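Take a look at these structures.
You will see two complexes here that share subunit A, one where it goes with subunit B and one where it goes with subunit C.
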Partner chain A sequence: MAFPLPRGIVASEIAFLAEMETVTVVPRQRLEGLELLGGPIEPLVPPRRASLPLWLALLLKRQRRANIIPPSWLHPESLSLILEVESQHQDYKNAFSPPPPLPGQPSVRDQGLEPTARPQYTLDGNRYYAAPPFLPQNTAQTTVSSGEPPALPFHWIEVGNMLLDSASDDLMDPGQIRRLLKDLREVRMAKMRSGVDVLDDAAMGGGGVALTGVGAMELGDERGFLSGVVDGLRKIGASKEQARREQLAEQRANGGYNGTQDEEEDYMEF
Partner chain B sequence: MDIDDILASVDRGPGASPESAALDHQQLTRFWIAERAVSEVLPWPAPLMERMMDRVRLQIETIEDLAASSVDTNPSHNSTSHNPNLNLRLSILQTDLARTQYIIRSLLRARLAKLTKHSMHYLVQLASRNKNPLSSASQSQSQSQTQSSASTANVSPEDSVPDISALTDTTPLSGPETSFVHAHQTLLAGHYGASFLGAFPRQLRRLDDNAGGTSMVQGPELKEVVFVRCLAAQVNCLMEGEGDGVDGEDGLGDEIGVTMRMGDVWVVRWDGVRKAWERGKWNCCNV
Partner chain C sequence: MSYYDIDSILTDAQKLPCTFELEVPGLGILEGNPGDDIKAGTRIDLPLWLGEMLSIGARLGTSRLVTLDMPDALAERVMNALKADPRTVDLRALAPHFYTLSERILEIFEEEEMVDVLINTFKKRAAEISDHAHNPRGAVGDGVDFLRGLDETERQLFRAAHDRAKQVRIWAGEAKKK
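Let's look at the complex of A and B:
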């Protein structure tokens, strides 16, 4: 077979993607800048912080050439705050805590505002908006943006675990962080499971189920189950959907006389 | 925006601008995720892939030059202070190269798997879109058909494989993929013919039979669900109307379903967001 893996990226591929996240390091030795295929790497000059992709930061960390500054969310205080929101807060009984906003996206508190994202342009002239893992969601912030609540980035499980494995000496109280990550994962897993009831919406044409705030690895765990359930429901509900289509088409046919003739011809084909 | 800068960077050739390398890499990664997530073969991004392949080639040359220089300088004068750094640089460059190559390889293999699974579907799709009465393709096809209907014997399953030798527009496939899928299907048809179809009555030997209104050519299931993140201000999930065919009037019978807002992650059916994805890949991305 040309390709053995199932449809939808699997756990190892998600971990691979998470390694493209950008983290902040403090280098211990000099290294001149490099032109990589994934983009340029800034020169490393020891006391100065630098932003590197996670795979490179881990490579340098294992060789004791750099220290990783953990992202602000990977801290016992932030994590317990998120856990509290996740488990106690009324608004998030059945939803995940809000993810960090995309650039230009209004934050949770000022919902009414229009997004003000500015696109980049690709070489083919298309507009391009960056998305995780290519957003600085895991860098250490130099200025603490006041009032912005801590949020779990898209690749939180993977980044958290990789940093715990390879750079636990750079973290504040790794044991506590490990416990909190596990608690968070369990709380959110329970939400994911309890959401199965509404999956019927996604099986209908035009419908969907929101999973905003979900993490990449959580999606990866449930991808096979969710898509299996939805596909099963879709097959069961196919006649229901057909009936709804016919009803809608009928409404449209009754709405105006101009198009009636044509649309009736359309039906005849079926 | 500074579109002029971008145009200038294009003029400087592939790999000239470091920022464009980063952007291309992000696009490639996103396309790879999308290709892995959906059941059909997505349109081949030819310019992007050409740039990526050029970059990979250049990077391999750079690495070879660096490696050669390290071998050259090592015995002649012992530059011990420089050497560990050179090894580090080499290993970083090689890791980066391997990661990019992994994405490209996985992307191509995922496409090949889809192509081999539904090879007849894609061939028929290609042939039907490129119907040109003057082209040699349809001529030879009609020739073969008249020949097959005239002669009493020798109808083989290979005759039902569409001839696509004269195609100019091979979307959604790339050129090599098109020839691969044709060769694959021809081999398969020959094998079927030799092993069991040859024993069938003549009218049952074709592989694209659609007697009774049901086509026996199976395509990918477009109604399967995907996980998408909305990147534009809002994207409507559509219920595709039945009126619009493959190239019929766009969106005649579409009903607007749920509305996704920026930053949301949704489970939706692929046929619902397919148009938004095609219209602009910035509207939503698979996760």
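Let's look at the complex of A and C:
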């Protein structure tokens, strides 16, 4: 109770985690490959692009040993496109713009296709499916499939802010980017706030609230508030929930239970 | 609700109007007349924990000692005001622990409509709290009247939202530390 930090992780910790994201750099000096605990770093040879963790890239940038190539979403054009989708598109009036597609996932254009996840293999030969924190979402891809709309990655606020702070000369029109990031954040915060109205579905009756596409910093920002609201709603609605359960148990006892009810109740929208 | 939760202890101490059904000898101390008896039909405000205990006979089906009434904070009048506009009601003046009190009350009484009204109130006010919490000037400005009327649960919400927003601003370099 006397523990001074709030539940969850604080802003600086989220930013720390974001520093593990991989970014693309163009080195200006040679550097031997490094064997680090977090994984090997490829050797840097000046004209060739390399992928480094953000913390190392920023360090080299500050020492003027490398230039960072900004990810494709951190560009005034992409950002204003996302902002437009976020604020004007009918489908996304109450939802957040979609996150970058997972490997093997059909793009927004050809919806209706079955997603076919492409497995990857560990060194031991075990199969696994990479998930967002471990996918390179901030590298400057050379093979951008054209027609793929830009999307905000999980750590967009952190990466955007850090690059603006330390590598603004590598970005195209940093002032504009800063403005757009701020606008995006405000639009999305307003959506988060209007989402309070549907939170009671989450508190009772086994419903769910879709948080697809919400960034790490946004989650950290709203965690304390949203979980508090859900908790409050759950407590107030406890007696109603009790009555509902009793009713359900009665139905079950009377044989009116058809077995599919539970599946519907537990359905969550992802 | 933990045993050491100060808010739940304070909720227990809130007064509830009770009517004695039986004559109790020697309990006049509750009315302020030590040594006297309490007559049947006397109305006294008792703390929640005591009233709950004394009325337990009602649930067991035996003759009960007291009957409980709705506290003033959850009276019909208040419910109507909350139905009209949840944001203008000063919950703190009604009861400092309004929501925790109503939780306990709803455990005792079955009031379907009251649950709906309270849930709606909580949602509407939570949205408003979130707005105020993200205001960089904090609890000063236009919202002072509203924020003064928050009950204890809502204050904790406000604090959580406000501290988080401040942290993020400090991290982003928009605000100074402390």
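Quick note on the criterion: the second predicted complex is superposed on the first by the 232 of 270 C-alpha atoms of A that agree within 3 Å, B and C clash if a C-alpha of one lies under 4 Å from a C-alpha of the other, contacts with A are read in each partner's own complex, and residues count from 1 in each chain.
The criterion applied here is as follows: a residue touches a chain if its C-beta (ideal position, glycine included) is under 8 Å from a C-beta of that chain, and two chains touch if they have at least 3 such contacts.
No experiment lies behind these values; they were computed from the predicted model shown.
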* To do: With the two complexes superposed on chain A, say which partner A:Arg245 touches: subunit B (first), subunit C (second), both, or neither.
  => first
_Taking the superposition on A as described, I'd like to know which of subunit B and subunit C A:Leu56 touches: first, second, both or neither._
first
Across subunit A, the partner (subunit B or subunit C) reaching more residues is B
### Task
Go through the superposed model and pick first if A:Gly213 touches only subunit B, second if only subunit C, both, or neither.
first
- Task: Applying the touch criterion given at the start, work out whether A:Arg223 contacts subunit B, subunit C, both or neither, answering first, second, both or neither.
- Result: both
Practice prompt. Determine, under the contact definition given at the top, whether A:Phe154 touches first (subunit B), second (subunit C), both, or neither.
Written response: first
Per the contact definition in the header, classify A:Ala11: touching subunit B only (first), subunit C only (second), both, or neither.
second
- Message: On the A-aligned overlay, A:Glu35 touches which partner chain: subunit B = first, subunit C = second, or both, or neither?
- Response: first
(Q) With both complexes superposed on chain A, which partner does A:Pro70 reach: first (subunit B), second (subunit C), both or neither? (A) neither
Dual-contact residues of subunit A, meaning touching subunit B and subunit C, are 1, 199, 223
So, in the complex, the side of subunit A touching subunit C is made of residues 1, 6, 10-12, 15, 161, 165, 189, 193-194, 196-197, 199-200, 217, 220-225, 228-229, 232-233, 235-240, 243
The subunit B residues in contact with subunit A across the complex are 1, 3, 6, 9-10, 18-27, 29-30, 33, 36-39, 45, 47-48, 51-52, 55-56, 59, 62, 85, 88-89, 91-93, 95-97, 99-100, 102, 106, 109-110, 112-113, 115-116, 223-227, 229, 231-233, 237-243, 253, 255-258, 260, 262-269, 271-272, 280-282, 285, 287
In the complex, subunit A touches subunit B at residues 1-3, 5, 7-9, 13, 16-17, 20, 30-32, 34-41, 55-56, 59, 63, 65, 99, 101-102, 105, 114-115, 117-131, 133-134, 154, 199, 201-214, 216, 219, 223, 226-227, 230-231, 234, 245, 248-249, 252, 263, 266, 270
Contacts from subunit C onto subunit A in the complex sit at residues 4, 99-100, 102-103, 106-107, 110, 112, 115, 118-119, 122-123, 126-127, 129-131, 133-134, 153, 156-157, 160-161, 163-165, 167-168, 170-173
